[in-house]
Every structure is written in C-alpha cells, then in structure tokens.
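Before anything else, here is the set of structures, which you'll find just below.
The two complexes that follow have chain A in common; it is paired with chain B in the first and with chain C in the second.
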Partner chain A sequence: MNYLKMAWRNTLRNRARSLITMASVFLAIFLALITRSMQIGSYDNMINNIVGAFTGNIQVHKSGYWDEKIIDNVFSYNDRLVNYIKSIDNVSAIAPRVETFALASYGNKTKGVMVNGIDPDAEDKFSKLKSKLVKGEYLNNDQEGVLLGSSLAENLKLSVGDSIVILGQGYHGSSAAGLYAVIGIVKFPSPDLDKRLMYMPIKYAQEYCSLDNQITTLALKLEDDKNNHQVKEQILSRFNNSDIEVMDWRELTPELAQQIEADNGQGIIMLAILYLIVAFGIFGTLIMMINERVREFGVMLAIGMRHYKIVTLVFFETLIIGFVGVVVGVLFSLPIIAYFHNNPYQYTGEMAKIMEQYGMEPVMPFAFESGFFLSQAITVFIIIVIMLIIPVISIARLKTIKALRA
Partner chain B sequence: MESVIKVKDLYKIYDETSVEVRAINGVDIEINEGEFTAVVGPSGSGKTTLLNMIGGLDKPTSGNIMIGGQNLALMSSSKLIDFRMHNIGFIFQAYNLIPVLTAIENVEFVMHLQGISYRERRARAKELLEAVGLGDRLNSRPAKLSGGQQQRVAVARALASRPRFILADEPTANLDSKSTENLLDIMYQLNIKEKATFIFSSHDQRVVNKARRVINVEDGKIMSDITK
Partner chain C sequence: MIFIVAWKNVWRNKIRSIVVMMSVAVGLLCGIFFMAFMNGMAKQRIDSAIKSEVSHIQVHSSEYLDDEEVGNVIPDIKNIEQRINDSKYVEALSTRIIISGMAKSARASKGVKIVGINRESEQKVTDIHTKITDSIPDYFNKKYPVLMSERLAKELRIRLKQKVTFVFQTVEGGLTETSFKITALYKTSNKVFDDMMVFVPRSKIARFAGLNNNQAHEIAVLLKNNDDLNLAADELKSENNLIVTRTWKKIMPELGMMIDMMDNMLVIFMSIILVALAFGIINTMLMVVLERSREIGMLMAIGMNGKRIFGMILLETLFLSLTGGIIGIIAATVVVNITSKNGMDLSAYSKGLEAIGYDSLVFPVLDISYYPVLILMVVITALLSSIYPAAKALKLNPATAMRIDA
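Then we have the complex of A and B:
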C-alpha cells in the first residue's frame, strides 16, 4: 500500500468535493489555455503583419529623423553598414528606403503623397510588394517609373501609362520636382496606406531629392522578434549613437504596442483572478479535508506515522486533484486550440478596424505552443504548493494526544 | 521475568485555572513481559491518563517512565513516534482503523512503516487476521465490518509489528457482551500464543475477571494491585 494509492482512495472518499475541486482546476486551465493562446496568437499575428507589411521589426534612421521627418535627416547607405547589419544573426531581410512627403498632381487634381524610394527586389523580399500589384508592372531598378496605391490613383483619376508630377523638398533646401510615368497600381489592405503611398526605384528617388547614396530608412526583418533588443544593441554598439537611431516596432507603432500591452495586461489580470479562485477552492478543500481527519491523523501519529509522512499523503491527495484537473483541461483545450491554429478566427468590429488600419489581416490564429501548456501546469502546481503551506503547518503542529481527542 | 515497563513516582496534574486536577497522583508500577493486566477503576479515576503516558502519547508532569530501559521523557516528539512504531501496539476504544484501507492493509500498515517487505507483512497480516477469526474478511474496508470485527482487526494491527506490549484503553466499551467475550478470548489466546504483553483498562467486571493481574486505580492512585 503506497501513499499514492492511499491518496487516490482518500480523494475518492468525498467524491463530490474532489470532483468540484478538480472541476475548478479544469475550468481554470481550460480557460487559461484558450484565452491565452488566443491572445498570444493574435499578438504574433499582428507583429508578423506589421513586420511583413511595411514597418519591419527594426528601423535604422539618422538620429532625429523620427521626430523630424525631413529629407535633411538622411544617412549614407554604404557597403560597410549593409554588410555589418546583414552579418548580424537573426536579421533575415533588409530594405533601404528614401521616404519623403510630396504633392502629386495629375490634371487638375493634387494630393499629398508619401514617396518611397525602394530597392524593388529587396522590398519585394521584405514586404511582398509585388504581390500587391493589381495593374501594370512591377518596378525595375533601371526604369524611371512609379507605383501608386489604388485609392491614390482613383483620387487623382489616373491609370497605368499616365504621367504624374510630384513636387517637394530636396536635400539642404533645394526644391524637388519630377515627372514620372505610372507603371503599376498596388493595393494595400490598409486604406490609409492605400491613399498615400507611391513607390519608385531608390536611384530615382535619390535623384529627385538631390541625394547621393543616402537613405532615410533602413528597415530590418528578424527571424524572431524576441531578439530585437539584442539586435538593436549590436547595431548601436557599432555605430555612433549620435549619428543613427535604432527603433523597434514598439517605438515605430506605439499605438499598436500599447494596444497589445493593454490587452495582454487584461489577459494576465484575468488569469490571475482565475487562478486566485482556484487557489481558494483548493485551500478550502484542503482545510475541510484536514479538519475532518484530525483524529485519523492522531491515530496515524499514535501508531508510528511521522508528521512528514502524513504531509506526503496530503500532498499526493492534492496533487492528484490538481493533476486530474490539469490533464482533463489540457485534453479538452488541445483540439480547440489546434483547430483555431489551423483555421484562424475572423475579427469583427473595433479590433478589425484597428488591425486593418495597420495593414493587417483581421484574423486571429491561436498560438500553439507546447511551452504554454507546460507553464500552466507548472502554475497550478505552484498554486497547490502555496495553498499547502498552511495545511502543512497545521499538520506539522498536530499533537498526537490532542488529535486523538478530536 | 524481565520488566518491560517501569513507572516511578508518576504525576499528571492538569492546571484548570486555579482548580488543579491530579489525574495521576503518584503512581509506581512495574509490568513484566507476557502479562495480561487490567487497569480498573471508576470513570475519571485516571486510567486513560495513565495508559496515554505509558504509551508515550502524553507527557507526565513529573516522574519517570522507562520502557525496555529507555526513558520516554528524554525522547523528542519525532523520536517518540518512531519509538511507538517499534515498541507499542495500540487498541483504541473507537477502533480507529484507517477507513480507506482494507482489513489486511490496516494490519499491514505499521509493518509498512517499519519497512518490512510486502511478502513478509502480507503473510503476517493474513496469519493474524485468521487468528482473530477474520480470514474471510481480509479485503473488507472498516465501514463494511461490525464493531466487534473492527476491534478484532485493531487487535491484529496492534500485534502486527511485534511490539513489546499492547495498550488497550477500554477496548470493549463500544461492544456488546458477546463481542466483548469474543474479543477478550482472542486477546487471551494471542497473549499465550504470541507471548504478547497486554495492558488494558476497563470498568466492566466481566473484562476484569479475565485478567491475570488487576491494578485498581482511584483518584489517580493505585488502591490495589493483585496478581491471580
């Protein structure tokens, strides 16, 4: 007769109470797993979308560019920089850009646009720009021409083959102007981007702004966003802090970062409340279980069972209850999480709007991480251990004679 | 005969705020191996208090209890638990079997604590349960047994670990007269066959009649000590 078997029989002694306690553990684990894999999945999705669509995990600018986005704030795009950044582990793609605001006219229409000078191949690798093409042709480094967002083209009432005039600020106070043929139309999921963006090969953008081999933005994509701090540090350690600034997506899109943070905070509070309820449930069960068995423990002490062995027994009893709850919770949530991992949930309402605004698909694939199942199981285990502290102390303090009289 | 228990100048005084109760008021006893001894006296005379102190469950106010040459007063509480496991068998008035264990598991329990192998303890538990007439109820839980049967399991449990002596505080108080007689017969036989030393308390004359030695207690003092 080992303690585990004895513990198992003790949990069967008051079946209703054990079942209720197991059910509370089950419910907590189940809800925790479902809601957290939902949340973490949606954050991953958002981050991947942001990173994939435009911003990148990290951007490098000339110091001060982000606060004052003028064309004077450019830095030299040279081989030394490129080679160094490409050599950093985790950097999977880079995209150099010249971003500048300009007025675009066609016929009697004029609109404000964001001119993006890009390396067509690098940009396609980075943000799959080519796949957004809905009309005409994609850019080519040696062809002077531009791509327009589809809403922008509509607003200006022009199409592929037409020519567009743009006018803006060039380097060091020079004025910038040019006439470009529209060679393609691209469509962005984000309406905001779609009515502002204009792309041209970087060479012509530099010409337009009177730049040499300089850029405003170098966007970096990482294999894993978790490493973004290290990568930032590595870049900053190599280049002078006063020359360049290195920003991650949290700084580049603070509203999104705040949205995720707030949502994540809510999620964690909900989890904490959930687990607090479970903790009290377990505690109540333990206290009742011990109070009604004081005399039994007294007999055990009398016939030679040491306190720590009784504690072991009670520990196993609690563990069994927790274990059954956790296992059943995992078994029930697993297929649900797996299903929504493969068939993402579609967002509606406010969240969908925010996501579209950032150029993201409004879907939520559930995160499927084995580590999360483990961490929840460990959380329950830790709760059990904490809730056992007081009962264990009360068992350890039991006096045989008093317990026998109970 | 070797003496198993030596009690000297024993006192137990309860300080019930101002009115002190002298539950044991100066007791000397010596108990030898193989005895079948009854401690008798009216309710409140101090039988339970005396047995609890001899069993190392309760601490005396003053005086000495030596068991097999060892002084109980010098033992830490955890040492005392181990000491009880190896040296003392208990039979309680309310049977007090472990409810989730079957009859045979209850009997095995202390042997398990002692670290005796499964085969050995199983064999002894079975033998003892057969000796107390429960060979056919080995796998019954206590709840499925009558009071008399439960108390016979308790007797088997007390003997299982081959203790130096067995303490039984009013073991028949909850039993009908037939079960009482049956239990005492079994205890008597085991006393002979297993050479087990029994000390039991009672205020039932029929129980007292079975004892070979009768210690009479009143107001915490020994009034008479007669060996037949």
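Then we have the complex of A and C:
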C-alpha cells in the first residue's frame, strides 16, 4: 500500500490545520537557522580577528611562561624546532617573538610599553603588521629601529626619526637598556594595544634582553582551528613536556573562549525553548487529529487494517508536516544566510566602536555550513518522534467496537 | 452570560484545552525564567564591576583620558570633592592618584598601575578591602605599605613583608625609584585587574611623584542608587571642559549596552515564544469551531448575532490563553523567587566564567514591572489568534452548518 500517498491526502484533508502546524515548524527552523548562523558567524569573526591576528591558534612557550611572564622563561629558537613545526600539516604560519615589558622614555615623558621582538617578514605574514603602518617604514631585520603604536607615539610626543630610550629587565636579572630610532608608526584599532605596543626586530630585542637565540613565544597559525588539538599533540610528542608548554587560543584568551561558550549556550537554550513550544504545538495537533478520527480508524480496523499500519500512516502524516515546515524554513532562510555570508552585516555607531576597541572588525558574517541545516532537520525529526509516542499508544489501544461508536 | 458560556466551553474538551494551556504555561515559564536568569547574570556582572572596579561615576582631567601621564591631574581637587559631596545622590567618593609604572623585584619586572588611595574613603566606595587574603595587622598604617594581588606577587616572586620597587615618572619628568613593603595581598575574580593594580597610600605616592594635596588623577563616585545615574551625572558635570565626568555606561560601553539591550531582548524573545504559541492556539480554536459547526449554526439559527458568536470565540481563546499564561507566570515567579534566594551554582559547568568577570553563582531576577507587560503580551496574542477562527465561525451558513453530521 502506498502510505505516502495516503498520508499526503490526509494532510490535505484539513488544510488549515496542516498549514498552521507547518508554519510553526517553519518558524522554529527559520529562526533557528538565522540565529545560529549569525552566532556561529560572529564567533568565527571573533576568533579570526583576535586569534588569527595576533595570538595565533597555538602558542609555544617555555613551560611556566604563561603563569610567569618573565624574561627568564625563554626557550631556544633553532632550525630543528622551526623545521619540525613547519613540517606539521595544517600549520600555515609561524611567528617567533620576544615579549617583555619595559619603560620607554622620550624627552621628559615615560610610558610603560610591551616590547615585541619580531621577525618582520614572518610577523607580517602572520598578523599583517605592515598594513597597520601609518607613517615611516616597516621594520627590517638588519636595521636597528622600532615601530610604535600611534597613541604611544602621540603620548610620548615623538615621531618618526626620533630616538627612544627603553629600560627594563634582561635575562637572569640583568638590567636591560637601549636607545633605538623610531622608524615607523603603526595604528591598532584597540586603544589599549595602541597605547602600549612597540615592535623591534627580534635580533635586537634579544640583544637588548641579553638573550642568545632564545624567544618567549612562538605563535602558530593553523589552516583550520578544528585541528588544533592534533597539532598540539604533535608538538608535545616531539618535545619534552617539562621544557615547553603548548597552549591553544582557548587557554591563551580564556575570556574570549568563555564568552563564546556562554553566548553559544544562551543561543542553544533559547532555541531549545522555542523547539519545546513547537513540540507542544505538534503534540496538540496530533491529539486533536486522533480524537477527530477515532471513528475513521475504527472503520479501518473493522475492515481489517492492522494497528501498526494506522500508526505508520499517522507517522508519515506527521513527517510530511514536519518535512514541509523544514524545507520551507530552509528555503526561506537560505537566501538570507547566503546573502549575509557574502555581504557581512556592518555594525554602526556604538556597537562598531566597541568591537573595534576589542580589536575586531565591526562586521557580522553569517556562517554557512551544511552540517548545520542537517542538525536542525534532525532536531525536528526527533521532536516528531517523541511527540508521536502518546498518540501511537492511544492508537494501539483502540478497540474496534468502541472506536466505531465514538 | 457570554463569559460563563465561553468559560464552560473551554472545559468541554479537557485534554485538548489542558494541552494548550500547558504549552502556554511551559512556554512562558521557560521564557521568563531564562530571561530572569540572563538578567540576573548581567546585573551581577554590572554590580560587581561598579562595586570593585569603576564605581558609578568617574571624574578625570580630559588630558588624562588621552594620556595617562602623571602631570595630567585634576586641578583644585578639594573644590570638586566638596561639590560632589554636596550632591544628594552621592553616597561616597574616593580620590585617587594613578601612576603607570613598573614594579620590580630581584627576579622580575611587570607593568602596573600604582593607585594612591585614602584607605577610609576607598573603603566606602569599593570593596577591595574585602578581597584581602593575607595581611599584617593594620596593614595600611606602615611607613611604605603596598597592597598587591597574589597573582602579581607570584609573578614577581615576592611574598608578604618583602619589598618591591616601583619605577615611575614624576611630574618633573625624571624617573624615580622607590621601595614599598607588601603588607597585604588581595585576590579578585578579575585577572586583568589583579595583574595591574597595586594600592599605596595617596599621601606617600603623591610626595614621590611630586604632586601636592590638591592634585589627583581620578575621583570615583558611588551613588546611593544606580537609577539616579543620569541625573547625578548631569548635576556633577563640570562647566570646566578640562574635566570629564563619565558614568559607568560610558566607561564600560559593552556592559552599558548589554543592560540597555536586556529590556528589548526580553520583549523580542517573549514575542517569539508567543508567536510560536499562537500557532498552537489558532489550531486548537480552529478545531473548536470546526467541531462545533453544528452547534454554532444552531445558535445562529435561533438568533444569536455575529457579534456575539465572534465574542464567544474570542473569549474562549482569551480564557484558554490567559489561564495558561497566568499559570506560567505564577510558576515562573515561584521558580525565580526560589532560585533568587539561593542562587544557581554554575561553577560545575563553566569554571572560566569568572575569568570574564561573571559570578558562577547566579541569582535570577526579574523586575516587577515586567509582569504587566507579559500579561498584556499574552492577551494580545490571544486576541490576534482568535481572529481567524472567529471569522471562520462567522462564515458558517446556519442552514448548512446545522446539517453537518458530527
């Protein structure tokens, strides 16, 4: 027998009711897809901006550095290490850094700065530092000079061509001091970074801190963040656990990871509530439908139809309603998601400013993942199956005679 | 009369009515509780930020905001203090000297903000004194005492009663080095705060920095009531445009925006829930009209006019939804009240929440003013969902409707 055909005709029997139920499924799917792709898209944006731009997906330090960010916690940066890490699949860029705090003076002004000793080419590949240059020239490995954040330069009242004195602590308690020419000014969207960051070629930073070929941080960028666990394992397996620590961005920026997690949790709970209500709606529809058709089922039973066949029929009817709701929901949300995926929503006003302060582009691209459509469809399917339990039991218990008289 | 008929009609098909009521009740319960939870979490975050970090209002010199330079002080501070103290909104104020500098120990150095405070007035404004984990007796009454976080002390590898050296710039522009003795250690839930802030007596640091008694960088103002925020800010605003008065919403725009968006979010989220519920209500009422076609036809035939039929269906819908709605709201109130007394412990789920400044013990709250809004929203939903079924009832032709066999 052709269940599907019968079920389809049955859904058409009470068009208004079927349509309304479909509409409720549609609403849930539509909202679910839009809000989830917004959320996931904005997380990707956050991760790409913050992690991809500076922190990296993974960082390698001497073990203990993260808890105690002092210049004594350095590790040796050699070809063996570089070659090994570069050989790992998925690693798309690496950037060695010497990071240390220092006081920078010019004239009678003194400011606390974060000194970043970098490999100019690697760093540009990693965080596009060159593109942030607003004045002067970019660093060069063989030129002793520094780049300053634009607010820092302003606060110190200096410009390209001036020389700056920095003073801090070097390796093993030695004091570190140096005089450097400012060769360029960089501008960071985050005011906090812009007031504090200072870059110099890694060679000179090592010299300043009395280091040999050692670094505090090796930042890694991955092609796909999904593999970060695997890459971490690979690095750890090669080196002695007690010598280095390998941390992913979740550990490096727990605030970001936590914020994403909390926001994600919120979104999921909201959708769960929405789905719960839709489930109630489907349940109500099923109860009504079955009550209304007790006599019809009685007749079917009387002429020899088996209970399970009626159950199958009802199952298909519900499935059709759910399926149409899902398909229409996907069809309606797809163009919207696709549009905003390719033309990310631009924040304006206050919100844009806040995002820039956190070093993020003020845009919200929508995520476009096929797995995501599937998971929503599966959710609806599961809801339908659960909501069918009670109606199915009541059909299974139908007594032919009683049903006929209903 | 029509009220009683409608009410009785609601109970003719008990199961169906109860399913609808339950869906409305559960939908509202989940929605309201979730909103109260989010609201509580946000309020706590803000309260703790106000209490521990920013206070309600801060006063700075405009230059200081651009450049945290030791010379950028608020001039003639006594006068301003006097004016603030005279305001009826103000609970307390604390005047601070804030100097960026470097903390040095024999082993390490870190960038810090040296905050010069008067212990008595600081206690009235912030709760930092409650976060002290270890101290010597009468810790602030020593010669050169400093209150520092456990984290920072650990990073500098120094302990209580040991000395730390601060290097910072004086008003004249030279660098000065002074030693302070750690007399107390504190710990807050905010790592960034802990890493940066060290507290010393204002009079002592003023002398080293070359400031007089009538100069400081910041006045933090605690209000009696946050509701007066804008009024108080207006009143305290200085005519002198060299002095900037900012509210916490300005200082932490992301939190200000969050709390401003909270009200909108509640309305939007509840609207979505109610739209989803409306589908169920419409379906049920449609079913009611269909099932009672004959009865409605009869009522029309014996002279009940369209207005009354319409009114009857409308009232039935209203009773159905409101009963569910009120049950839901009452249940939500009870749940919110219980959880707001004891708090909900989230520490098991997200150990990192504290890293972003949230308490892991959440006390859901919902302002009493939301309840009328919620009831109004339920009523509007009911009215809107009754239109289609009631119109359908009106379209019945008494002659044919009475012949329907059911």
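General observations
Throughout what follows, the second predicted complex is superposed on the first by the 394 of 406 C-alpha atoms of A that agree within 3 Å, B and C clash if a C-alpha of one lies under 4 Å from a C-alpha of the other, contacts with A are read in each partner's own complex, and residues count from 1 in each chain.
Basically, contacts are C-beta pairs under 8 Å (C-beta built on N, C-alpha and C of every residue); 3 or more make two chains touch, one makes a residue touch a chain.
These figures come from a predicted structure and were not determined experimentally.
Contact comparison for chain A: of chain B and chain C, C touches the greater number of residues.
In the overlay built on the shared chain, the residue A:161 is in contact with neither chain B nor chain C.
Contacts of A:371 after superposition on the shared chain: neither chain B nor chain C is touched. By the touch criterion defined above, A:101 lies against chain C but remains apart from chain B after alignment on the C-alpha atoms of chain A. In the superposition on chain A, A:305 contacts chain B only, with no contact to chain C.
Touch criterion met: A:254 reaches chain C, while chain B stays clear of it. Look at A:335: by the touch rule set out above, it reaches neither chain B nor chain C. Of the two partner chains placed around the shared chain by superposition, chain C is the only one that A:16 touches, whereas chain B remains out of contact.
In the superposition on chain A, A:349 contacts neither chain B nor chain C. The contact surfaces that chain B and chain C form on chain A in the two complexes do not overlap at any residue.
Residues of chain A that touch chain B in their complex: 1, 6, 9-10, 13, 295-296, 299-307, 309, 400-401, 404. Against chain A, the residues of chain C that register as touching in their complex are 13, 15-16, 19-20, 22-23, 26-27, 30-31, 34, 38, 66-69, 100-102, 104, 106-111, 154-155, 157, 167-169, 172-175, 253-254, 257, 269, 272-273, 275-277, 279-280, 282-284, 286-287, 290-291, 350, 352-353, 355-356, 358.
Note for the complex: chain B touches chain A at residues 52, 55, 57-58, 78, 81-82, 84-86, 89-90, 92, 96, 98-101, 105, 108-110, 112-114, 157, 161.
On the chain A side of its complex with chain C, the touching residues are 14, 16-17, 20-21, 23-24, 27-28, 31, 67-72, 101-103, 105, 107-112, 114, 151, 154-155, 167-169, 173, 196, 254-255, 257-259, 261-262, 266, 269-270, 273-274, 276-278, 280-281, 283-285, 287-288, 291-292, 350-351, 353-354, 357.
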